[in-house]
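Some notes on the structure that comes next.
Letters A, B, C and D mark the chains in the order given here, with residues in each chain numbered from 1 onward.
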């Protein structure tokens, strides 16, 4: 029991520098921007042209004339209090804006991840089971195509075929499961392809292990062996990379959200980029980073549950 | 009808990227029931492959011809489903390398009784009590605890014993044990050999013991088969074979043992991709004749032993 | 047989998936309704209801709130909630007579007290940004001193300086009226859903998703036809197109509702129609007159002569724009028709005279909004090819609007393509902005425009109060702008109201559509 | 190690497609029938014909020529970006693995941070903040993907560093730099080549997405992603505008992925899943 606690504490301690690093990255984003945030803020309505003195005053007011490290630390302190600043465009707290959109992205991402898992893993298992047969070849080709197809291209084709021509699925919006089907498939296609290949490779590797031979010698049918011994063992490497897929999904969601008009974090950041809403872009980086890190923590925990060797502290 | 296993002209090859590997070549054997038959040879002699082929446990890239007859049916021709009724239940196989032979994510006990539950369709509780009993038989001090342990929590010796327990859980007629003493220290080796003798005595099981441990073979086997490059070079009763080895290879093997002359065999086993013509052993043989390089000798009976050498032709 | 387990699993999966798809199919489809009160779904590119922090809460085109002064059909200010007004001879005191018997959606009567409360709010929110118009009381009501209630449902505004064009300034977004109970006049933030006096009221709003309107049955004027209208927010133009095609939405509204290319693509399908209306927007090329080569007015003329506006309109606007040579937008009652001239030979001669046969590299800025709303990408690439023939190697840089402002501030550009709309039909502001030496647009775009006659006419305009006299000045200014243009007019935009044939009376207005008139086509 | 002749035929097809694309990218100026940016106002939106193999776009530009030049832009940028990524990743990975200690700790922390950020999100943010240009794209891609390289390189270096012969070489007085370049680099070369190949495929896809969002290549550059973006309006009547660049991206990425697999087979590198997809 102590081992598990130790493991968890270790993992938790390890994410602290990563979280700090994410805030640094977000902070640097603000620095590398070619234009002066003070000027951008003063010029938000697009009509007034602020004078140098006005900009200097604003810079002082915003604390931009302090040393970078001081700026960073005070900014970090704000973030720790849940204050990500005020959006230049809407004048509302970025935190509120992001929280408004977070559920959309989270539901899209989890829907996609679920889709990826329930399609790619069985298909990968099937491919390994039928290794080198015709169906394996067909599925491998499909997986290759999935990995190589640009998601936005797929999204456009889907919308054309399923919404405009067949009237099967809604083009855009958020609310019901039906709204998430096309975005999830388009968003998940690449990951499905990768995961199919990975699951197949992992299972094939496991099937070459001695213990599969042992199980065969017991006289159990092959599908039962895959189910009882192959699947769980092949899932361990697959699950350790689950975080990566989630990262890919969260990343890709910007394009997909903008095509399907989903009011999530991705479309928010695109909007913010257009409007040069730097605090919003920084907030987005911090939020996605946070979501990603937390998800990876979950993966670590599930890995713990799956792998008795770690759970029981053997080595 | 007897319970012997008859191997008739069994040839096994593997297709690999480097070429076709001829692992076993035209083996004809009768493995008698009711006794312990040892199969010895160097690494790569095809002994494990031959053992696994009985239950068709070889990898997908293997090609088997010939027939393996048990109780009037050819095991090589059986449908998978029928074969599964034999695997583990009638003929069980104890794989080598106990470190890798257990599923690392499943508890030992569950793995041990898995076959039992599948074949005998017993309740889980019955399975568990049977499994714990089985572990007790194999002299585990805390069978309950071992039953609920994961493989990595056991020592190498314990794992080997657990593997034997798993192989014998259904009290099979036949046990094919692949290198059961590999990598074990003397005391545990002793324990394991004791186990096999007991199995033969109490359960009346027949055992095919695949090993390169000649002392073990000498100690517990009734019959010994010497395999080289996938071919049977010599076969005979254990005592006789070890006392008066006929084939130069057998002599060499015996002399190479530490407690004997510690005289290693010169040369390397032949490549299984390009097998030498004639006698498989002629390249390393000290009493090579011209004919050895040209023609392979037949297996001949000499004084109740069978030997494949031109010396005795 | 050994495949049994996996086949079964695969089959189950397939069945589940197909059930999911077919379930989705049922919910996605909308059939022609028989019920005239069925909700009508429309879509806009942006969330038209920015909410409680916004000075207007929701766009005027949703017809939730009404201003004191509206815009009439002729484009001139027209009475709305204020039914009449008069002013003192020196234009410092204005008295507005309010319409009687009007109630806000929350039941509060609309009266002078409510107007005063609203002005109190105006003062407290100044300045407040908005996706529509920045609200700054000092710009809309400069030098406003006092707002008082008067006997007989009247309101009096007192200015410390004369302000003759107040009425123009007050139109639409200049004087929105809300129930005093839906906002906190101290912070100016809305504390509840905005309740105005318009034909529709907001009954639900989800940020970035939709605004749901319901007919105000107690409306004092002509009641709206539709019982419920849902305005969805679909930011992507192609997605709006797809949604129309899929029958999810019945029409699009707001700026950039559907690009001309998509419109012409859509109306190939006879289930859809487009109603065309005048727009106050003109597309221009703004040239940096502070540095070579555009510091020479001949170069500007050369570019204007070179551009094939007919082809641009035909190929990229699909006919939904009017080539123009007039600086002043045609929607203005003072505008006259000035046909654009194209003469490649003359253009090349002019360019040659300036460049002396040399090639010059120039920067051509393309603001992002132009790509989202108009076919600017194609147009700039087309113009880029034409400029090459004049010896100008233009490199196109796509920028968001903020970056364009930066570039303007640093003078780091040669040409910007963009739009200018008419704030109202009194074109004095536009002329001043562009043609006066100190005009704001002249300065911002670094047009470097300087014309003595224009300068003089514009000064004269301030003292001219009679409409007929002003018209003469405007006429002359248009001629001047054609001879020596401050910027190059390309074409006048059109308002496109694209809709499904399932609804009718979907007509464009100068700002918005006839939301209160649309209804299902009866079967 | 198996040789090239024994590889499955699909790998050969992939190699052919890749060769075809690379050579058409290199020889685009010779092959292309038109200037990719030449605007033909009278020949807009034509279907496939003899004069225009893949038709023309809304500006009357020849789609086939633009595809060829698009290959040039996409491939050259992807290769350049992958090179930058590799150089940064390998340098940091080697330093971190070879010297260990505090340097290693710091670099590993950086790796953890960069792997803790979703790549594409960062790319969008960087390209968005810095404004779209080739430099900012290069910066965005390099910054977001070096960590994967360096992690693998470090692992390999740690493995090799313990080998006896490295000790021997060092005792002969070889400098650290010499050892890194002459002994360690050649040892990790094979895995680097594979990683590099696969990375090019990923970058092609990311760049296409960014271009699609308007944050990538700038007009009139004929980038495939931008071509898809341009086609959004017209593709219903002229599907060639959407299909041509989309299928090109698909074919390029698929063949790069296959080549990656083939190299892995060729070098008989143990399929390490962590390596493959980071």
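In this section, a contact is a pair of C-beta atoms (placed from the backbone, for glycine too) under 8 Å apart; a residue touches a chain by one contact, two chains touch by 3 or more.
Bear in mind the structure is a predicted one, so any value in this text is a computation, not a measurement.
Participant: Could you quickly compare C-D and A-B and let me know which has more C-beta contacts?
Facilitator: Of C-D and A-B, it is A-B that has more C-beta pairs in contact.
Participant: Of the chains shown, whose Cα centre falls closest to the middle of all protein Cα atoms?
Facilitator: Most central by this criterion: A.
Participant: Express in whole angstrom the distance between the two chain centres, defined as the mean CA positions of subunit A and subunit B.
Facilitator: Computed value for the inter-centroid distance: 52 Å.
Participant: Whole-Å distance, subunit C centre to subunit D centre, using C-alpha means?
Facilitator: Subunit C and subunit D have C-alpha centres separated by 43 Å.
Participant: Please report how many Å separate the Cα centroid of subunit B from that of subunit C, as a whole number.
Facilitator: Once rounded, the distance between the two centres reads 87 Å.
Participant: Can you tell me which residues of subunit B touch two or more of the remaining chains?
Facilitator: 80-81
Participant: Would you pick out the residues of subunit C that each touch at least 2 other chains?
Facilitator: 2, 238, 368, 403
Participant: Subunit D: which residues touch two or more other chains?
Facilitator: Residues 131, 232, 236 of subunit D each touch two or more of the other chains.
Participant: Under the stated contact criterion, what part of subunit A meets subunit C in this complex?
Facilitator: 34-35, 39-40, 43-47, 49, 89-92, 100-101, 118-119, 122, 125-126, 129, 156, 159-160, 163-164, 167-178, 181, 221-224, 227, 258-261, 263, 267, 271, 273-276
Participant: Give every residue of subunit A touching subunit B within the complex, in rising order.
Facilitator: Those residues of subunit A that touch subunit B are 131, 208-211, 213-222, 224, 228-229, 232-233, 236, 306-309, 312, 314.
Participant: Subunit A touches which residues of subunit D in the complex?
Facilitator: Touching subunit A: residues 109-110, 112-114, 116-126, 128-131, 201, 205, 208-209, 212-213, 215, 225, 228, 232, 235-236, 242, 246, 249-254, 257-258, 271, 273-274, 276-278 of subunit D.
Participant: Note which residues of subunit C are touching subunit D in the complex, please.
Facilitator: 237-238, 259, 261-262, 265, 268, 308, 311, 315-316, 366, 368, 371, 375, 377-378, 380-382, 384-385, 396-399, 403
Participant: Provide the residue numbers of subunit A that touch subunit D in the complex, in ascending order.
Facilitator: 14-15, 17-19, 21-22, 24-25, 29-30, 32-34, 144-145, 147-153, 156-157, 160, 164, 190, 194, 198, 201-202, 205, 237, 240-241, 244, 247-248, 250-252, 254-255, 258, 269-270, 272-273, 278, 281, 284-285, 288-289, 292-293, 296
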